[in-house]
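Here subunit A shows up in two complexes: once beside subunit B, once beside subunit C.
== the complex of A and B ==
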């Protein structure tokens, strides 16, 4: 076969595969949105669900998902970035770092139902945190921490080593180099990692059923005292997230409009992830520009 | 092998406060001896060129002068590096203070991912310079010393990465000058630049040597001949010949030096 023909065939195959993937994704997304968007209304987004009658909303579940995201990120981002920096810049390469890396990888590939049951045993029962947002956040940390560590480590490693040398030659301390020379360069990749791990928080159901629980107390959205049991901000209350709610009404929903609610909630979930993505990228770009004086993210 | 000395008086200079030289300096990577017991002086207000084929240890030697090899795991050294009467190769040396005295510039320009202004102001700020006015002055004087001020004075807030390669390299020189070093180490500073930028950098080196000592590693023989006052020829980690550049280039004592300079070897 002539090189030119081979080239043409390869190009055709690759383009076809790419189009196929785009088509599958677009079809899936289109289906979810098409089925759900018509059901979305302000009332649907803000009102509480109903057990038997039609017309329930997903207000508390949407809030729970967002609040759980914030709690999880509060735990995983500092820990993940810290550990990633350690792995990339401080740890001496050797058996111990290799072992840590192995554990991190195994941890991130745990089946989520196992993490959920493990969380039920350890966090909910032994630690006595009960079905609560904190328990859910800790269970999600099991998946998200490895991801953050990996991504931070990679991000720091991919900064050209000449940057570090320049810092050393100026008489900067290692800590100063890490925080002010390397970190801004690594930031875009770290933001991407955070977004990826956030997507998992929104979408996870199995690990949360047994940790954050499958119900929400009656929430009073006028009560912002984080210690009060009916306050939405109380991290020690049970909290059913949107993904868990979708699973629940699909499998055991009694309301006559359960299918519509599931479809609407799915669409809301997809749209929320999309909005979070865009907002996180926007702020990431803003910070990156401020730190590096550049016009675009590279 | 004994080094052939065409300027022997320089190897044993009077020990003054302004002394900068190495004494029997050896550098190892693991058990491999990359630099073998080199004693070399770096006189004031002069440019010393280190030449030799790739892998001869000249870059390793250069990097050891501001203890940059410390950052490579497995690298150790023996011998002394005297600066102002102090052996900075001794353990317990404050490398952070030391590196302020010795600036360094590499082959590939490596400006920080920051604005032009921040690239220069960063070091002084870290070392305790306060106040916008003081920093502004340092930025301007450093950029002027690096012959870059007129080209960038209207866009100090822009990213340093937007500059051309030659400008970036002069920015790196300005950054090294910002902490007021007494010594400047240059590792093939012009080998990645076009001829015009190379000319500018060489011009700059000639001007800067009036204010500080410069040690330059170069593969370009013409460049070494043009800008240096003293030349040291390295081969396989050893110092083969050292002397006034004119003497080394026109009438070297050692036939190996001659062959390398003539381009017949290396």
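== the complex of A and C ==
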């Protein structure tokens, strides 16, 4: 009966360790929300940070993070979908395809700090864009593009091949099939993946420290002229994001309530990522239902 | 007359439709080529720029390669500047290996829990947990590490709390999702008949796991471990916040140390482009990049073994 005892012990250990992971996540989320949520208020979310005195907020940083996310997705999504379609529908197995696949793999495992350094050298210095939202968005594009390519490729591969064959039988061109037959079917998976990748972009800091910069100019939220330097919409101004702000106040924060601000900002960051996760899940399920059961009922 | 007209119109329209098809395809193809080309250009220029800046330590500042890789003194701004990067290289390797050692057993247990022990609700419970863990931003991990793990270590063990152990603990939680999801994929694609024949021979579940399931899926699980190590090696801010940033090779787990990424994070903003100090930081970025290549190479080797 020794084998049975060993089996019982092993099962116990595996279950314990698996539940430990659940406990770690629960502890993490609980700690962040417990410490942070009490500090979140409308004032905290909208007011500007203060260097030395207590009571500063994270308004500009939150805005910068969201604006940067929009800019990044505007660049990444079309590019990623294009390259993803190529990988799924056009690439023939061979050396070149293998090489592109290797590139996507290497690019996606690059440390984000190296991407940030590359952005500092090429985009900030050589292109002369300086520490700006555009520089940050371009660096994040390098960081996010391989993921987008992978998401698109998988989404297109999961479309049943009959759909494509039917299109060919109708005499459509390949590009027409891709855009009008395959793309709508692949879209839910692409959207879900994009929202999840948005969470990753939203929390990224290492690639942004040396591209979007670690400071934010005084913003005038009444000024919506994108060319004015104090306008929040100006894409050529430096922009410290929420994640970079958390890092900065943890390492060199001087305000007496730096720890509370860090906790509040972390909670905001985590809540936003949670929302992205939930929306992606809900959206994926909704679209899936639309595409399967409800259509059959009509 | 009218019939003829119709005929010619049809011919014309079919002709123009063919042209339209060609144009559509051309537009589509050139758009995709542009995207793929951009991907290639971005990686080629990244490799080029990081390499060209990285070797300037050796080419322009005449630091010998062995001094850089095996020198233990880091004082880039001193009267006799010395650029020994061994403390940082050692710090990166030690934290990465420790993190992998902590995270791998946990991840494998989680994967077994999800696929072998309770495949139904085990997966329903742990899948979202793993996804959420991978979604938490690294600065938040750093913040929690700084405000929970560091004080805990300070109270329980000698030292200041910050150091290699704190860094490895934070990293291990961060790479847990990577290893777990790869291990789950590997375990769930295992052919059923292997398991069933083992049970048919009278083996217990643990015997099946230890002698059939783990050995068969080991290359795939190792892929996950290597991917996790790649993430740990390149992680910058979370580690930098808890490791203490002392430029020495740590002699104990609770001693302040530095990694390649933490030194770059702290130094890059305070040095001018082209100075020897700055160049040395770029050389470390080059080391990070080469390690990325190595990790990808190992993953590919493991995947090859898996397909045989």
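FYI, the second predicted complex is superposed on the first by the 253 of 298 C-alpha atoms of A that agree within 3 Å, B and C clash if a C-alpha of one lies under 4 Å from a C-alpha of the other, contacts with A are read in each partner's own complex, and residues count from 1 in each chain.
Basically, contacts are C-beta pairs under 8 Å (C-beta built on N, C-alpha and C of every residue); 3 or more make two chains touch, one makes a residue touch a chain.
Just so it is clear, the model here is predicted, and its values are computed rather than measured.
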- Task: State whether A:263 touches subunit B only (first), subunit C only (second), both chains, or neither.
- Result: second
- In the overlay, answer first, second, both or neither for which of subunit B and subunit C A:127 touches. neither
- Query: In the superposed arrangement, which partner chain does A:13 touch: subunit B (first), subunit C (second), both, or neither?
  - Reply: second
- Considering only touches as defined above, state whether A:283 meets subunit B (first), subunit C (second), both or neither. neither
- Query: What's your read, subunit B or subunit C touching more residues of subunit A?
  - Reply: C
- Message: If we overlay the two complexes on their shared chain A, which of subunit B and subunit C does A:83 touch? Say first, second, both or neither.
- Response: second
- With the two complexes superposed on chain A, say which partner A:92 touches: subunit B (first), subunit C (second), both, or neither. first
- Once the structures are superposed on A, label A:162 by its partner contacts, choosing first (subunit B), second (subunit C), both or neither. first
- Task: Give one of first, second, both or neither to describe whether A:170 is in contact with subunit B, with subunit C, with both, or with none.
- Result: first
- Note on the structure: subunit B and subunit C footprints on subunit A meet at residues 172-173, 176
- Query: Which part of subunit C faces subunit A closely enough to touch in the complex?
  - Reply: 21-22, 24-25, 27-29, 31-36, 38-40, 42-43, 45-46, 49-50, 53, 105-106, 109-110, 112-114, 117, 122, 125-126, 129-133, 135-140, 142-144, 146-148, 173, 176, 180, 203-207, 209-210, 227, 230-231, 233-237, 240-241, 261, 264-265, 268-269, 273, 282, 285, 288-289, 292-293, 295-296, 299
- Note on the structure: Seen from subunit A, its contact residues with subunit C in the complex are 3-4, 6-7, 9-11, 13-15, 17-18, 20-22, 24-25, 28-29, 31-32, 35, 78-83, 85-86, 90, 100, 102-107, 109-115, 117-118, 120-122, 125, 142, 145-146, 149, 172-176, 178-179, 196, 199-200, 202-206, 209-210, 214, 243-244, 246-247, 250-251, 259, 262-263, 266, 269-270, 273-274, 276-277
- In their shared complex, at which residues does subunit B touch subunit A? 66, 68, 71, 73, 95-100, 102-104, 106, 108, 110-115, 118, 122-123, 126-127, 157-162, 172, 175-176, 178-179
- subunit B partner contacts - residues on subunit A that touch it in the complex: 92, 160, 162-173, 176, 180-181, 184-185, 291-295
